[in-house]
Amino acid sequence: MNLSPLHLCLLFSSALFCVGLIGALSRGNSILVLLGVELMLNAGNINLIAFWRFGPAPAEGTGVLFVLFAIAIAAAEAAVGLALVIAVHRHQRNIRLQEANHLRG
Amino acid sequence: MSAHPANALPLLERLPVALRDACTSWLPESWRWLANSLLSIVAIFVVFATLFALLTLAERKILGRVQNRPGPNRAPLPFLGIRTYGLAQPLADGIKMLTKEDIVPRGADRVLHFLAPVALLAFSILTFAVIPYGRALLPVELDAAVLYFFAAGAATELAIFMAGWASRNKYSLLAAMRALAQLISYELPLLLSIVPVVLVAGSLSTSEIVEQQGTWLFGVFPQWHVFTPWGFAGFLIFFVAALAESNRSPFDLPEAESELIAGHLTEYSGFKYALFFMAEYFGMCALSGMGVTLFLGGWQAPIPALAFIPSYGWFAAKLLALLFVFMWIRATFPRLRIDQLTRLAWKFLVPLALVNLFTAAFWVLSSGWAGPLAFARWLVAGTLVLGPFLVLGRRLSAGLGPRTYRYA
Amino acid sequence: MSLAFLLIAFLTVATAAVAMALRNLVRSALLLGASWAGVAAFYLWAGAEFLAFAQVLVYVGAISMVVLFAVLLTRPSRDEGAVSPASAGRLLPALIAGGSVLGVLVGAIVGSPLRTAAKPPLAFTVRELGLQLMGPHAASLVVVGALLTVALLGAVVIAAPGRPGDREDPR
Amino acid sequence: MLGSGLLQGLAVTAKNLAGSFHDPARYVTTEYPEQRTKLPENYRNFPFLVHDDPADPNGTLRCVACQICEKECPPQCIYIVMERDEKGKALRRPKVFDLDISVCISCQICVEVCPFDAIKMDQEYEIATRNRFGGLLLHREDLSKSNAYYHQIHPTEAAGVDAALAEQKAKQAAAKAAKAAPAPKAAATTATPATAATAQDSAISPAPAAPPPASAPDTPANPAPANPPPDA
Amino acid sequence: MRVPAHLLWLIPALPLLAAGIGAFAPRTARRTTAGSAIAAMAISFLLSCGALVTALRDPAVHAVHNFAWFDLGHGALRLGWLLDPLTALMGVMVTLVGLLIFIFSAGYMAEDANFKQFFCFLSLFGAAMLGLLVANSLLLLFICWELVGLASYLLIGFWFHQPSAAAAAKKAFITTRIGDLGLLVGLLWLYDATGSLLFFDGGEGVLEAGPLAALSAQTTVGGLAVSTAIGLLIFCGAAGKSGQFPLHVWLPDAMEGPTPVSALIHAATMVAAGVFLIARVYPLLAADLTLPSAPLHALSVVATIGAITALLGAVIAVGQNDIKRILAFSTVSQLGYMMLALGVGSWVTAIFHLLTHAFFKALLFLGAGSVIHAAHHEQDIRRLGGLRAPLRVTFATFAVGMMALAGVPFLFSGFWSKEAILHAAHGWSVSQLPFAAGLIAVVLTAFYTTRLVAEVFLGTPRGEGAARAQESPAVMTVPLVLLAVCAALLGFIGTPWWPWLQRTLDPTFATEPGGFGLMAVSIVLVATGLGAGWALYARIPRSSAGEADPVERRAPRLFAALADRLGFDELYAATVGRLNAWTAAFADALDRRVWDGTVRLLAGLGLFTGQVTRETDENLINGGFDAASGGLRSGGRAYSRGQSGDTHSYLRYIAIGFTLIALAVLLGVRR
């Protein structure tokens, strides 16, 4: 099996993605779920950089710009997500995700 | 330190580089860069560790003199018994620190407790990589050097949190949280105050920013950034924020004894404490170095006639002057309360820095103005700087006039 | 393909995995900080130095801090004990789902004939990045700025204590 | 304007910093073990006993072991035993005079009440010791200091005391000249109750805190004048 | 320092900046506001001097800097700055007088609670006035003109808590607005006729030969040349602003404002704006002189109005008792002189008189201000008196101003400029009546100035305020002295022997011989007026406040009419005011009766329709919808069971869904 550097980068990012996914799926703590999601986002960023670096046009820098925007949005996401966690904590005195189901049908 | 092909420079200027090259010339070509880098690291570490030792002494001496006492002046040289005006004091302190008992509280997170000072020192040292110490002395030439500097600086907050949390002491933890609040609050004005420089210089590279300040108006007046309205304001904001970022008086709440015991340092003793102490001084040196680079013309000589003095000499002089001001301020001002501290950051420095951004933008846009318009340019920029300062300053100090104590 | 990359990748994934498995939230957060730093190292390795520093500044410097604050602000009271570990009832489906996603991804990656372009010398400086940001992507930049502002304001509104009339503390 | 106060403060410290190098009025610190400031005359810390003749410090103690100070001392840090000869006759001088300066509160009441100007306040402050029990318990020999020393540390006060003593002595000489005969008898009669009291005291107080000085030189049976008014 | 035309905007911009600072400064920032206003004015003065130096290098050239403001259909609306000796001289005058008055105000208004607003308004006024001067476009000039009007309104009504001040501000605003309407119509007409509003634009400007010839070639109603009609409309604006005959009523009332305002606006600068405007557009007005068949020359109207105003102002001034009103009517009279000079074709002498008048009238007003300040806000000359001893400096400077106003020969500037006007009027070919009116006004001017000085300064104090008077502080007297020096010496730049000013403004100016006889007549007339005044008022000073005026004793009905300002206000109230009230009443009735009834009827109709619709809606249509929405609701309830609230399961579904889709795609690709 002949793997190019791009393959390795993508494998790296999918491994990170799945770690984040498993974490988000298995943990009950909202903060950890949020962190798992952040990990998945980072894995996506790694993909973007890998394709930029080994893709056809590294000089254009589209990947870098994308990642830059993605980081900014991730920051916003983290801020809002953690604010929600704090709000949930104030409301139900814990942050167990499975208990935050007051809106169920 | 390999920024420039330095053969064209005078001997004195390229002396450090030449020395290093001489040391590594016997190595094969492919190994040389590694040896060169290592030598640079060692050199920086040695220089700043010595500076740290001398600074602790100088600080105590200056504080003493301000309070009309001599400061430490007795520690003799080991085995000789000769007093050297206290020059051996750092040595004595170091020995004391090394031989003190290292106490880790029961229930503390031992790994993090150990890691915190190490990480703090490591991040502090990292910041030294991008400061141009001289015309030919820039350890790492980075395109985004300024960003690197502040990224490395931001990571120190994590170390402080580690220290506070790992101690398993509620005072440590509270103090660490408070320190974090302080550091994050002041990171904003710190970054905002340097954005105008980046805006005007059009570069994030420290060497380029310094190069751009190397011109003289009428051949005598240096065009450092601090000598513009926005640069002056930016430098002051930067300086105040740097005081807070390096936990210096009057913003030394995180580790002041009269606050939460000794803050996140409460449970540290011996060598770990010394590491914290060292990291603090390194941080102070690094921020001063950055301030010199961004605002005070870096290694540029103040007038062209004095350019024969090697550039690193000028850098050192400016750095030491700035460090002296740090100590002078410590000797002068009483500590702020935590609410005053955060209010100063959010209600005064941040808006001021934002306005300063507009001033710098105006400065860039009006760079073509000449004749009477140059006068108008200064007038407008000065008004933009001074007006908000007066308005915000009045609001900040509202109700804080001299009080009369009736029953005291 | 260098040793450096493998090292970075291993450390990043390993720290992330350990962080996701730990019971202690603070350690998890700190380890995730390390993992994010690993991602920054990857950026550095890939030649995107600006991104690397931005990643450190944003993730290690800011998001870690916010996470730690959130952890400390939402600590369970003493009687509730430590964070519950992943219960078996959730862990198994999680592993199955994650494993299947990983399998699909790996299969897809390995199976696809990705051609790597002949590497031209990288010349994407910060200056070019700035020109790109302020030129063709200026609109996106403004939108992202507005988004950040709104998100932060929203975060403050959400996290701020409610008005006195609000229902709070249903205990 | 915001900042003007800060600048003023900086100016003050800068003035001090520069002034400490050239202005002795600002640089007031003395380097203690090498340099000492002269103590003010009225400085006082712990009591000492005055003797008149340095050649015979124990013999010329002014103290007559009357124990007034012992009784008046608020923290009770003084312990006195009167010396007696073989026949049990009081010799009107202390055999033991112990003063625990770890207890003394420097109130100077002992000085106030002493009718013989025998106990005065000292200026010695370098009294640190490694033994916090025995080292701070001063004995008669440690306490006994010459009148010349007294003159040295409190010149004004000492001159006054000397004048008063001289006047008293002159008065007593005159009185003696007037009625020479009954004097010894009167002295003997007055001495008797004092002696009894002293014997009683020494019998009652076991002095547990202050172990009797082992190395205290036994006062030789000095044929000191039994009569308080010495022959002039 | 040279200030080229493209930098002229700095001159008005600095006071505008000061006004901005004043507007945003806190109420207590008195020193900041006053300091910035005075500093801005001082810098503007220096810049104006630079502009004057620049302009004098080549007096005949109109240096312009034009730029497009915004696009308008086919062309662009263009504005510009203009630098010529007229602009530069006026600029220096306005900034210098303004600066001195600003300084004076700092003392005069020191105790006022709204000190900050006052300086903000003053700066705004200065900015507008300077903008008006440097404008090279009638539109820009009009904008600044209106700003000047606004500032004037704000300043007259500065003590708005006094009803009289508020009314005076309103009156000034509305009266000048009547004139401005004419100016606006003229401006629009001009734009329609020429397609440009720039004064000078390299041959295209409205004041240049080509467009002027085109304008004067067309005729409009009544055989008037278009240039005449436009010129007269523009003159309407000038008449309003400069207080010319039919619209002069606001100017005396404007004295309700603080005295520095009267000095700055209603003596030295703003009222001069009208004269400046006519001088600026003089080529437009003079364009019809080449048409011998024209039924009416614009300049003739100007001259007639000017002569009437000069005489009228002087006459009424004789019968006034308020120190500021006397000065106000003298201003009306002097402005009439200027208009007269413009009308008879000698616009340079008008500007000459404008400059000299600005200084000596500012001096007189500030002197009056000093008197009022000293006499504890007593303005009635009958209750003043005997102030010569306590107010030495004020008296000396006031006397200089008074002699300049009266035209006392040789040493005082007013003499030379007035003499030039009379000379020009004498040489007017159309009629000698304006000249005669001017001569009568000379006598009257000398008379009432003598009366004013005698009543205020001579004799004994007749009121409590006057008795306790003390000299004003240096911040007020120093500007007085400076102004007095200027008022005395400024005349020497335009004497018949050395007409520097006239030559600078108009290189074709030539002195005509034979003026000395006229000068002698004028000196005799001045002496007559002074003598009469002396005989009536100074020889036997008034002894008490209640005593009747000597003129009143001799001709009581005449004096009463004069004191009543010849009944102009009543006349206007009876005609214009009543018409307005009647129209308003009619409109009110129309509104209440006719329109209101219609509206009520319509509303009733609407209500009825609504009632019908509601019945239909509720009973016929809603039934079906209720049933349908019930079905929807139960369906939604069933569907919402899937909303379990367990975030993990959602995430799981996503992961599984992704896997399935990816597998399908991959297998599909493989196949």
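All chains are identified by letter, namely A, B, C, D and E, in their written order; residue positions are counted from 1 within each chain.
Convention: contacts are C-beta pairs under 8 Å (C-beta built on N, C-alpha and C of every residue); 3 or more make two chains touch, one makes a residue touch a chain.
All values derive from a computational prediction rather than experimental measurement.
Participant: If you take the chains that touch chain D and keep only those that also touch chain E, what is left?
Facilitator: Common neighbours, chain D/chain E: B.
Participant: C-E or A-C: which has the larger count of contacting C-beta pairs?
Facilitator: Between the two chain pairs, A-C has more contacting C-beta pairs.
Participant: Taking each chain's centre as the average of its Cα atoms, which chain lies closest to the overall Cα centroid?
Facilitator: Per-chain C-alpha centroids ranked by distance to the global centroid put B first.
Participant: Between chain A and chain C, what's the gap in Å when you average each chain's C-alpha atoms?
Facilitator: So the centroids are 5 Å from each other.
Participant: Once you find the CA centre of chain A and the CA centre of chain B, what distance in Å lies between them?
Facilitator: 35
Participant: As a quick test, compute the distance in whole Å between the mean CA positions of chain B and chain E.
Facilitator: Distance between chain centres: 59 Å.
Participant: Spell out, as numbers or ranges, the residues of chain E touching 2 or more other chains.
Facilitator: 648, 652, 655
Participant: Residues of chain A touching 2+ other chains?
Facilitator: Within chain A, the residues that touch at least two other chains are 21, 25.
Participant: Each pair of chains that touch: what are they?
Facilitator: Every pair of chains in contact is listed here: A-C, A-E, B-C, B-D, B-E, C-E.
Participant: Hey, which residues of chain C end up touching chain B in the complex?
Facilitator: 26-27, 30, 33, 37, 49-50, 53-54, 56-57, 60-62, 64-65, 68-69, 72, 125-127
Participant: Chain B touches which residues of chain D in the complex?
Facilitator: Going by the criterion above, the answer is residues 1-3, 6, 9-10, 12-14, 16-17, 20-21, 26-29, 31.
Participant: Spell out the residues on chain B that touch chain C in their complex, using ranges where they run on.
Facilitator: Touching chain C: residues 109, 112, 142-144, 147-148, 150-152, 154-155, 157-158, 161-162, 165, 173, 177, 180, 184, 187, 202-205 of chain B.
Participant: Applying the document's contact rule, which stretches of chain A touch chain C when the two form their complex?
Facilitator: Against chain C, chain A makes touches at 1, 3-12, 14-23, 25-29, 31-32, 34-36, 38-39, 42, 45-46, 49-50, 52-56, 58-59, 61, 63-65, 67-69, 71-80, 82-87, 89-96.
Participant: With touch defined as at the start, can you tell me which chain E residues reach chain B in the complex?
Facilitator: 1, 3, 7, 10, 17, 21, 47
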